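Right, one structure below, let's go through it.
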Amino acid sequence: MFIQQLINGLILGSTYALIALGYTMVYGIIELINFAHGEIYMFGAFVGLILVTVFKVPFILAFLLAMAAGALLGITVEYLAYRPLRQSSRLAALISAIGASIFLSNLALLIMGAQPYTFPSPFDATVYRTSLFVISKVEIIVLASSILLMIALTLFVQRTKVGKAMRATAQDKDTASLMGININRIITITFAIGSALGAAAGVMVGVYFRTVTPTMGLMPGLKGFVAAVIGGIGNIPGAMFGGIALGIAEVMGAAYISSQYRDAVAFALLIIVLLLKPSGLLGRTAQEKV
Amino acid sequence: MIGPYYLQLLILIGINTIMATSLNLILGYTGQLSIGHAAFMSLGAYGSALVTLHFGFPFLVSLLCGALFAAFFGIIIGLPTLRLKGDYLAIATLGLGEIVRIVFLNLELTGGAVGLRGIPKKTTLLWVVLAVLFTVFILSRIIRSRIGRAFIAIREDETAADSMGINSTYYKTLCFGVGAFFAGLGGGLFAHYMRYLNPNSFGFMRSIEHLCMVVLGGLGNMWGAFIGATILTVTPELLRTVADLRLLIYGAVLVLMMRVRPQGLLGQPLRNGIPLLGRFFQQARPKL
Amino acid sequence: MLKVENVSAGYGGIKVLDRISFSVSEGKIVTLIGSNGVGKTTTLRTISGLLRPTEGRILFCNEDISKAAPHKIVEQGISHVPEGRNVFPRLTVKENLEMGAYIRKDAAGIRKDYQMVMETFPQLAQRQRQTAGTLSGGEQQMLAMGRALMSRPRLLLLDEPSMGLAPLVVLGIFEIIKEVNRQGTTILLVEQNAQVALRTAHRGYVMETGRIILEDSADALLQNDQVRKAYLGE
Amino acid sequence: MHKIILKAANICHSFGGLMALKDVDFAIKSGEIVGLIGPNGAGKTTLFNLFTGHYAPTRGEILFNNLRISGLKPYQITPLGIARTFQNIRLFGQMSVLDNVLTGQHCRTRTGLFGAIIRTRSSKKEESRAHKTAQEMLHFVNLGDKKNEYASNLSYGERRRLEIARALATDPTLLLLDEPAAGMNPQETADLIELIRQIRVKMDKTILLIEHDMKVVMGISERVAVLNYGRKIAEGTPGEVQKNEAVIKAYLGESA
Amino acid sequence: APKEPANGGDETTEIKIGMVGPLSGDAAAYGINILRAAEIAIEEANASGELGDITLKIISEDTEGDWAKAANAFTKLIDVDGVSVIIGGVLSSESEAGSDIVKDAAIPTISPSSTSVDLTKGNPYLFRNCLSDEVQAVQLAEFAVEELGMGKFAILFTKNDYGESLRDAFKNKAEELAEVVAVESFMDKDNDFKAQITKIKEKNPDCLYIAGYYTEAAKIAQQAQQAGMDIQLLGADGLCNVVFLEVGEDAVEGTYATSGFYPDDPMTAVQDFVKAYKDKHGEEPDMFAAQGYDAARIVIEAIKSKGTTSEQIREGIAATADFPGITGKTSLDEEGDTIKDVLILKVENGKFVRVR
């Protein structure tokens, strides 16, 4: 049973990781807790759903289009709600983000209604059974795609010029602009990528859990944020590990302590992790230079 | 005479003012990002309601019990987590808030998911006004003292504060304790007004609401907390006239308000992008 | 090469620069000296586009750059070493230098210049993989200089490059400034250390509370009584 | 009179793999002004950080007035009588100038939560005493007329002086100044030198300062220690140090 | 005190009916469905002229699913809008928070869906017309043991008052008749139940009782199927929504659920309602909608029989007996609680069919 629970945690964790990746991306660059990320995730799921069910678009295409739509929405939100606050405190931007999040989820409610929609699964329901555990094809795809995205994203940020420019922008915008970096463009790209990932997560998780609702972004958005922080702010592999840590903590909490205290146990474990590693699992622990 | 609805709004404004001012002490003055304030509120609410129900304590005593109960947990919980900084602290407080909520959801004593019923209605507008004045009085006294300076020093630069001989762990804990005390007071008033308690109203979104009040009003400003609490209590009610569009507009209002006055209504304007909260909330600058 | 005409600028409502005018001709080192807070840094920030002038205009190679964004100005060939170094604290030394060459496309040239910077600042060579935030003050200053050089600027704006540096390094830095200039980069140098600045520069301007009060060749300024008293501490 | 107040024995400190300080021995006698110089990255600021408790030494021990202070936290060390300024100015920006200095008095005052709320007699007395001292400090560094400004609105030179006033307000016996003259012009530097002298004469403090401006170091120090790559390579009077071959090679350069 | 609507000189009397429930947030689906159905009932009543010159007007207030905000909604409806009667709250906590408010204001209130134990006890102004959890759970437990021959039960309940009271009732009965081997919980709106399912699977039960709502229940069914659990699923009225069938697909085949409402019931009242609802909103009404419709009907009948003041409406509602609702024959006991028949539905070929 332990192995099965571990796998359960791993899969649940990778759904969090999918969300956390986009989260941490934006978070790492402009140090903004992009509260609306959960709504972009929801939006992506809806776009994917509508394309597949109403327009009968093939899944892969719908997936890509949803990512594009997510990117577009992310850019719009950034432009309207965050850019005007670029020079202000992080908290002001946080409140603006909360406002944007409330706005978007209620807009979706108005348009789509409150009933959950069912996402038709594009994958067959194959289940692989071993003596120790059971895993389905969708689960493998979810896990694999989160790992792939993490690797791709890490390489992008660490190795490419744009990625480095993102990190530079994250650390000091003025100085970055003195290097010839177009700050607005970099931030736009960041939001585009982060939001596309958010939308991708929405579609993946929508397919995996089968339902799409206007409020589906809230909890996962929160968990994505938690995962991103647990992993170390702005750290892409960290987001992945943070997500998985959260998933496993939840599952183990439910399995071995009490399902009634599932989230409580998960949070308690994570707080303990933070106390041991105050800047996240993979965060830099370098001593502050005085 | 004002009607019950407006009376209720006034009372809620008062309670929210207490919540916002006490969070302001933690966030605005000491610079600690806490998003678990609702948990302290619930501790105070349940604490005071339980002593009223089980021991029949007089109202004032039960309020005090609730507040002390919250303060006690504020300190116990705060002590280990206050080592954390910035968003890491935020996550820890968020997590603790959720833990408190889930515990209440499962405790027999507090009625679990069904909630706690039959709390006598004791809170009146007069009590609320007195409690607000009391809170503001005590908090401003603290802020205008050596302790308040220590709080602000920690907010501005913890390293430098350490160098002034300020034991930042002690003061952060103290600040959480005091903040939790008043949050608990607000919770007690709330419980004895609503006559019913259920953990689900003390979740993460409630904490976020408190946060919005403080930021909207202006960090580190007592009046700001009051104004923020008033606006965010009244706005959703005013918007009831637009039914379907209510929260849609509410969200847009939050965005617009921040656009117009990013420093909060009564906050100080920023100097060249250096936010009110000094280094801490600014994007990382090189520390030379 | 650079012409600043009647430029005013400031922060929020506060006007810091009051219709200042000066020019920097190609191939020269020009220095701007003045006490703390007179607006030297503000001047440089206005030139590099971090601040918008409220009036007047700035011409670079006869093109008006007063409304251009900072990154456009860099592309024009102006590079700014900001006061207080402002290195990217969580990028490594190497990555910081690479950011300096952000606008360049010639990989080979970049590699060559990277070597050049490593030779110029051997102390940085030992710390290529260290994150810049943990460098000592002086090391950060070197890094900021090196980073600016990596963009191969036509005009280099230097804001107090000697601040916090060991005497030996200060001498070295000014040697480097001269050397860079000899290789064809025009330099606008802001310095507290007026003595060295005037000895290095060809021409100097003296600022006082948002205005330029004196301008002359550097040698002449070194001899100027007023300057000697106020800025050379004699 | 000339008793040793600070003594560091065999101090080593490493950051990860990097040895920033290696076997440094160092002592300061009461009433001295000592200069600490050395190339950039030599470990001077790190040494300060060890003295004030911001880091704990990897090896070695530090005694202050015969009390072992290595391993203590900054807030424990400051009350014992060591105060510092920072290389990069670290003021409380959104606090008034006066409040900055009052904060310096923190470890010399006692008022607790109760006293603060009730405003007891003793807390009022203490507060007015603190105000008086703070005003004196501000006048001393010539910032008397700026006391109600926000610290972040001060000019650079003023900030440096405010930091010194704030440090003095902790009533230290030993004052550590990290590059107090950085970014100042010659006139301001001259004023600063005068100020440091006054601190010693009028306030009877022992001073250790890091500085790259030789006019300052050689002008006021009685003794100068030189660090290079984490090791102490020379120590002596300014005259001796200036002539020291190793110091010239590593730090001063020929022409200085 | 309740305010009578001012209708000086008009021939028609307008009665305002308040509605309190979550119209946004996580629980919005429940509130919106109830509101839609109540609106249909009221439009029908106004159109049919059954109330003579009385017209009804519904005023709805959103709670966002938060009971504290529900308190504002109740007070506002009573104090500002002057409603004579309220339908709501939807969630139990909302009704709990409103309980004292409506009692103080003497405004009769009928909740279409708040199931928490003893909710209406001691409050003469608070009523409800939803199936009692006790009755549902007990009857299903008996049915499972006696008709289906089940012996080893597992329970998976949602961590709110609905899930808890179902769990309590089911567990007691099932333990009495057979054996309960596992009891696990989950949170509303959870997506992942594998940890609980894995745990339950270890215990090898032959039957799983899901005390929760349709979305989560469907996912549980699916995940259980995927985990290789071959198990009989049981549930309560919370399952009865098409979403359960759509999401659950073949995993929910064979599930038995108690319900008060069966949309394929040939009864004309039911068919009329289903048609009206479908025409207006394009989807099949669920149990919430049906109960909302019935709550509104009970109010209308009360007005018809007793009169238009709040007190009269209260008397009318309290007197409800053998009311032929679309959710079955409904009577209210002296505490204001419902007495109603329980149906048992089974999922067959992707549709609910009535088995009892």
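Each chain gets a letter, A, B, C, D and E, in the order it is written, and its residues are counted from 1.
Convention: a residue touches a chain if its C-beta (ideal position, glycine included) is under 8 Å from a C-beta of that chain, and two chains touch if they have at least 3 such contacts.
Not measured: the values here are computed from a predicted model.
Path length between subunit A and subunit B in the chain contact graph, taken as the least number of steps between touching chains: 1.
The chains in contact with subunit A and with subunit E alike are B. By C-beta contact pairs, the most connected chain pair is A-B. Spacing of subunit C relative to subunit E, judged by their CA centroids, is 73 angstrom. With centres taken as mean Cα positions, subunit D sits 30 Å from subunit C. Averaging C-alpha coordinates per chain places the centre of subunit B 35 Å away from that of subunit E. Between the Cα centres of subunit B and subunit C there is a gap of 48 Å. Shared interface positions of subunit D, defined as residues touching 2 or more other chains, are 15, 45, 54, 86-88.
Counting partner chains per residue, subunit B shows two or more touched chains at residues 105-106, 159, 244, 246-247, 271, 276-277, 284-288. Of all residues in subunit C, those that touch two or more other chains are 84, 86-90, 133-134, 137.
Residues 23-24, 60-62, 64, 66-69, 71-72, 75-76, 78-80, 92-93, 96-97, 99-100, 105, 116-117, 159-161, 163-165 of subunit E are the ones that touch subunit B when the two sit in their complex.
Subunit C contributes residues 35-37, 84, 123, 130, 134-139, 141-142, 160, 163-171, 192-195, 230-234 to its touches with subunit D in the complex. The residues of subunit A lying in touch with subunit B in their complex are 30-31, 33, 80-81, 84-85, 87-96, 98-104, 106-107, 110, 170-173, 222, 225-226, 229-230, 233, 260-261, 263-264, 267-268, 270-271, 274-275, 278-280, 288-290. In the complex of the two chains, the subunit D residues touching subunit C come out as 15, 18, 37-42, 45, 87-88, 155-157, 179, 182-190, 212, 214, 250-253, 255-256. Residues of subunit C that touch subunit A in their complex: 48-50, 69-71, 74-75, 79-80, 82, 86-91, 95, 98-100, 102-103, 131, 133-134, 147, 151.
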